[in-house]
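In what follows, structures are represented as structure tokens.
Okay, so subunit A shows up in both of these, paired with subunit B first and subunit C after.
Entry: the complex of A and B
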């Protein structure tokens, strides 16, 4: 081992000239807001004056206003600076790029168009938490309405609007809950890269999705979207102007996710460290790549669906209106061609994150590494062939119900294999039961329930019985909340020390865990009960025979919210007052734990060369390895040679 | 995971590539070829996504055409005795006239021509031709593309139907809008090629951005031809 006397100067300490950054210096979230409001207002006035006479809230006016908002916000943020400068031939200088990466900006970079992948990952984390807060609040309002059969807490229309926006906010949040924070922050370090392949596109994907949020929330002030989260036509064609804002949200979201997906795939394919072959990539990286590939090829279906919806509503075209030659079946097909792969876009990355947790805390190599990768790929491939199982009861192509039932049941095979690989990884491991591991156990419990009930629903006869009732709601909440979201929480607790530089208070975290774990069962078993009794979904009022099941669900939901609030407190407390985290508190093997905490701007001060896979827990360790893991309540100090951060000019 | 390290010293800029570093933060060890490779994969992935979009467009067209709900694909069954309804609730008493294929085919032809011209820009840039030749070829491609956009706008004004005249009209107009969107994107790229060529950015073998534009232009030409074929043959 050799070391240099003085480590090289960190890039983030580079002094920049006064002009570095150009326009970026003057742009931030505030200028974005001003730009969005300004262009949105211009769009509102112009479209009203030129196109619609006195109707300020027409479809055309709302659509043009929303387009103005999105463009104005992104112009104000600086999203288009680099492409415009490139077109004009005024390329950004190296100093401009350093400024854009956040050099010399301190914490203000979190409010700016920052190209550092770690900043973008943190920004995504905050956004996801805000979205979950909004979606969770809406869920509480729904459950409060349903605590009695004829509650007057919400009107029927308000209830329908809240159901729709709750659904879509949660879908958006869950799609980006892992690919946003962890694929951005962690994945590049995991593969030994210094950033994402396209840092500007990375920042663009974040700020574009931010610009989609206000139109979504504006729907409440535009009459509400009362057509459910799937917004089936023709109901959605007839919905108030809120549907235009909703459609704009989805279009902008598609653009963001597609950009992000392409960036992820290119990063993984082209920026891996020397020696990191595809067969040595951490499983989370594989999961990110499969999820990204699925999103790049599923999102265009959603794009055409919502653009056609806007043209139907704004210009009077006839894609979905049967009276004029369209058909609602077209909407259903196109929506679910996106909609079922979307489930796996949500699910695969968190499962990958959770597998990292399982291997680390079981101190065992990942069980069935190659099989898991094959299963991810099989799930992704099959997911594009199952969409019509959402349409068994619509009357569309009854002859295809059988084949779609078979493909849907087939997908349970690779899903089951992934499940077995998680269990195989934990099986007979030397389990170190820290907070992230608790959530792995909870995932296993919840996902088996969500998965098995999904097999019931894939059967045409059972689906005909359960379709449209609360059984379906319970199934997908077990899958998406109990499964995907809990796996994401496991990943969050696991990587929190690397992201924040602080340790979580495990006592508070475990309190949150137990409340969440129990509340999930109360809430969604309540919904299964409602479903078995035959209670339909999306109703604001119900027959008193469903009262007890609904009360159970509502009480469970309040506790669930409480559990997540405690978890949020745990995160905030950890971030502000947590003990400083060592570089590798979990003694994990993958590359992100080999860099210092906080992670330097370029991640690796020296280029790593990978020589083994990331799960060598069974391999002999150096002589000075201590096998007793530190007590979580005392200060953690890295003591192992393999845990020590890699620093400049050093050869291990 | 066992790692070893290699010391590459201070972060460096590519001395031959002043100000064009895309690896914003690192700014370190990537050659132009490596960056070209990354960007080429990104372009192909984008084209893959766009291909799905194209396939979905075709699905819309053929599905609505095959279903012909209420006889309103083109309203062949509509008559005074049995009128159909347009998007405003007015009666349609006859078949909707097909769009003039001349415009559609002209736009497709111009797009193909533009793609060939952009290809020529790549060839001359790779041959390290003078900047006037590079920017001249790009200017020609830009003019052709602008011509295609103008023809598209004229076609909008000359259509024998409007958005409310059934699903054929809807699908036709959607295809036109999609083609126009793609043409505008390509026009942006071609304008940049011309301007950057004029400023000497592609001198001395810096041709990789031109190549990416060419790949995208060829894809646009193919997708425009496919849409045009469907609009003309399967009306």
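Entry: the complex of A and C
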């Protein structure tokens, strides 16, 4: 990144020449949209002409159209500008880079291909909220359908389509809910870096995932994906053309997550400030790195499976078609080889964020820092060996049921260590009950329930009863919503002042908290009840014996939506009318609180030198930084970074 | 409980202070509640389980809940006590943080105990689970064979011992092991007679096997546990566990000649 050689002034004020930015000057989300629609249309016309009357016609047309849309959107956005210029033999100039980083563009940079990690983080935050809005609305439609046993609110086909897209929208949203906003915005500042290691890849990962969303929503107009978010073959091979758009979404999403994961790992390993040894990194940084490593491992499996799905559907291969020698078990294995590490890709980064919150608001050092890192690593390592516990009842490899039961139950040991870390951190702390801390307690409550019910499902004989029923649904909503998402909300409330520069109204936030906390219990205890009674998942109509449990769930779900709407109001209200936030509202010790709010373009006006880890609460050292570091709330003093006197601290 | 209060550098106290006693009481109460829930709730929530496998599911749920209760209760007790005893009062809306807590960066004995306890619990779970799983794998000589075929969106049952008679409902004699040989004609289905406590997927071109031993009379429903397309919700069949005599009579109503039906139904009677 060229900004490391910044001139001795705030880069935001750098006057740029008229030609700075080149093509970037003319590109924004609108040109992306136009480019996407244009190329998508070209793809549609050409493939439609060529393939009229062929067997695979409509599938090929949808696939080509979606490829056209994704390429066109990213060309229009400017994703490929720099690589193409580089291939043509002239690289971006320094001014072009500054323009791409959003200098002198005000708010419009949020609609552009902007390489500043803080802009990318904010863009991700908005995208995640939009996706949660879509997924939540779909959930409300399902719960409304299920309020009576034979409701006519939705048709069977719409219900199946909504089940699938609710699942996948939420999976996409939860995978990026922490690695998008917080790993991009906060993590580089935490380790003392001036940006991510690959700022253009960072911007690319965002706009690529944006281009994956319209194909996902287009599935509703292409017949609907009726095979659930897991899209088990052979049902999904027979599904309408929506399945092609769905596969395209997944392929594009995998590309985004993989490059973002590589970017995170390289940033953490190479961009740390002086003295920021691996043993002094904030735990959230470790969690981000473990999550990113896991996504680099797991995501390619999904890429391969969905590519094979497209070739099965479009070109007549038969990986998953039993009648032609394929097998659905291949799909199930490949999907879960991605799918089980995936839940830890979702879970580990938010837990890391939540541990930061717990330490700050208990005013105590993190309990068992190194043991927790070991636990994260152990969870990640074991998680690649447990995938077939999703397949206990499929009949595949019965002899492996025992070994997979062993690996699955072993995961509860490192997971237990994470609980020890949380309760050790709050043990005898002086608990500061501000809004973020509330969500830490809710995580503790929910994730224990999610974890314990997971143990039932890891036991093969018990799973023979529970598999495929609402008990499973309740279990993973307790872990992913009650656990991961609530931990992410703790992180959001914690870092909101740094991201937005405003404080939240905690009275509204705490109202939202109580509604959400109680509604989660009503909703998912209702689903446990359905599960115990034996109600299958993904049914639009059900036996009246399940009526009361379903009504309980639906009422809880409405309150849950209400709670999240109040939380959304709290965020919007805070963003628009909140009190201006000081640089360090929580008096925390990690580096992101040592830089001014709003964070300047290069983050650090003086390069930090780190001398301890950021958890020195109740310890003699007043601070973890060398003493010449400027007070972030004072007026900004432009300084040459090379003037920095080196004091204290170990060199890596 | 002492507030770490005004002392800027509080001395680290022994790990178990007087708070320990109160946390123990909260833990004990919560554990008892958890154990009672574990012992009584599953019985009321589960459907009437008609087989030995179903009984084992029920036992497993009870055992796991009772084992989990003290662990969950410990986390909850510390969490609850931290709000009652350690909360910095008056700082809920304050912009200034309360004084720092003690610098407790870890505790090797506590971590070792925690690891040891969770390892022991996991071993107990594994021994129990693997034991039950292996018990379920043993085969019996007089097993009743039932072929199950799923297709969009209905189940077909066939009794090879009774001239392959095909039926739409699943009727089983009591106290006789039954083996389901499950397959599908189109997509993947999930053969799930919930009250028998077992299930296995129906895959095209493959026969998957699951066994169960009905030990109570009653009726149940066979549902599909794997999303299989448009009318997945309506893919169910009725089932019943009956006496061998009634089973023979039912086979006759399905068109099996009387001697063959009696022979197919009476294997159990002759061995017991």
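We take it that the second predicted complex is superposed on the first by the 607 of 652 C-alpha atoms of A that agree within 3 Å, B and C clash if a C-alpha of one lies under 4 Å from a C-alpha of the other, contacts with A are read in each partner's own complex, and residues count from 1 in each chain.
In this text, a contact is a pair of C-beta atoms (placed from the backbone, for glycine too) under 8 Å apart; a residue touches a chain by one contact, two chains touch by 3 or more.
None of the values given here were measured: they were computed from a predicted structure.
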(message) Quick check on the superposed pair: does A:156 touch subunit B, subunit C, both, or neither? Answer first, second, both or neither.
(response) second
(message) Let me test your reading of the model: by the given contact rule, A:42 touches which partner, first (subunit B), second (subunit C), both or neither?
(response) neither
(message) Output check: A:86 vs subunit B and subunit C. Expected answer is one of first, second, both, neither. What do you get?
(response) first
(request) Considering only touches as defined above, state whether A:322 meets subunit B (first), subunit C (second), both or neither. (result) both
(request) Would you check which partner chain A:94 touches, where first means subunit B only, second means subunit C only, and both and neither mean what they say? (result) first
(message) Is A:33 touching anything from subunit B or subunit C once the two structures are fitted on A? First, second, both or neither.
(response) neither
(request) Identify the partner contact of A:424: answer first if only subunit B is touched, second if only subunit C is, both if each is, neither if none is. (result) second
(request) Could you say whether A:374 touches subunit B, subunit C, both of them, or neither, answering first, second, both or neither? (result) neither
(request) Could you look at A:585 and tell me whether it touches subunit B, subunit C, both or neither (first, second, both, neither)? (result) second
(request) Could you pull out which residues of subunit A sit against subunit B in one structure and against subunit C in the other? (result) 322-323, 327, 329, 615-616
(request) Would you tell me which residues of subunit C are touching subunit A in their complex? (result) 3-4, 9-10, 13, 17, 19, 42, 45-47, 53-54, 56-57, 60-61, 64-65, 68, 71-72, 74-76, 78-79, 82-83, 86-88, 91-107, 110-111, 114-115, 118-119, 121-122, 125-126, 128-130, 132-134, 136-137, 182, 186-188, 190, 192, 194-195, 197-201, 203-206, 208-210, 221, 223-234, 236
(request) State the interface residues of subunit A toward subunit C in the complex, per the touch definition above. (result) 156-157, 160, 163, 226-228, 232-235, 238, 322-323, 327-329, 362-371, 393-395, 398, 401-402, 405-406, 409-410, 412-413, 416-417, 419-420, 423-424, 426-434, 441, 444-445, 448-449, 452, 455-456, 458-462, 464-465, 467-469, 506, 528-529, 532-534, 536-543, 585-587, 615-620
(request) Name, in rising order, each residue of subunit B that touches subunit A in their complex. (result) 1-11, 13, 19-29, 34, 37-38, 41-42, 45-46, 48-50, 52-53, 56-57, 59-60, 63-64, 67-73, 75, 84-88, 162-164, 166-171, 173-174, 177, 188, 191-192, 195-196, 198-199, 201
(request) Going by the contact rule at the top, pick out the subunit A residues touching subunit B in the complex. (result) 8-9, 11, 86-89, 91-94, 97-98, 100-101, 115-117, 192, 194-195, 197-200, 258, 261-263, 265-266, 269-271, 273-274, 280, 296-301, 303-304, 307-308, 311-312, 315-319, 321-327, 329-330, 333-334, 337, 589-591, 594, 601-602, 604, 606-616, 646, 648-652
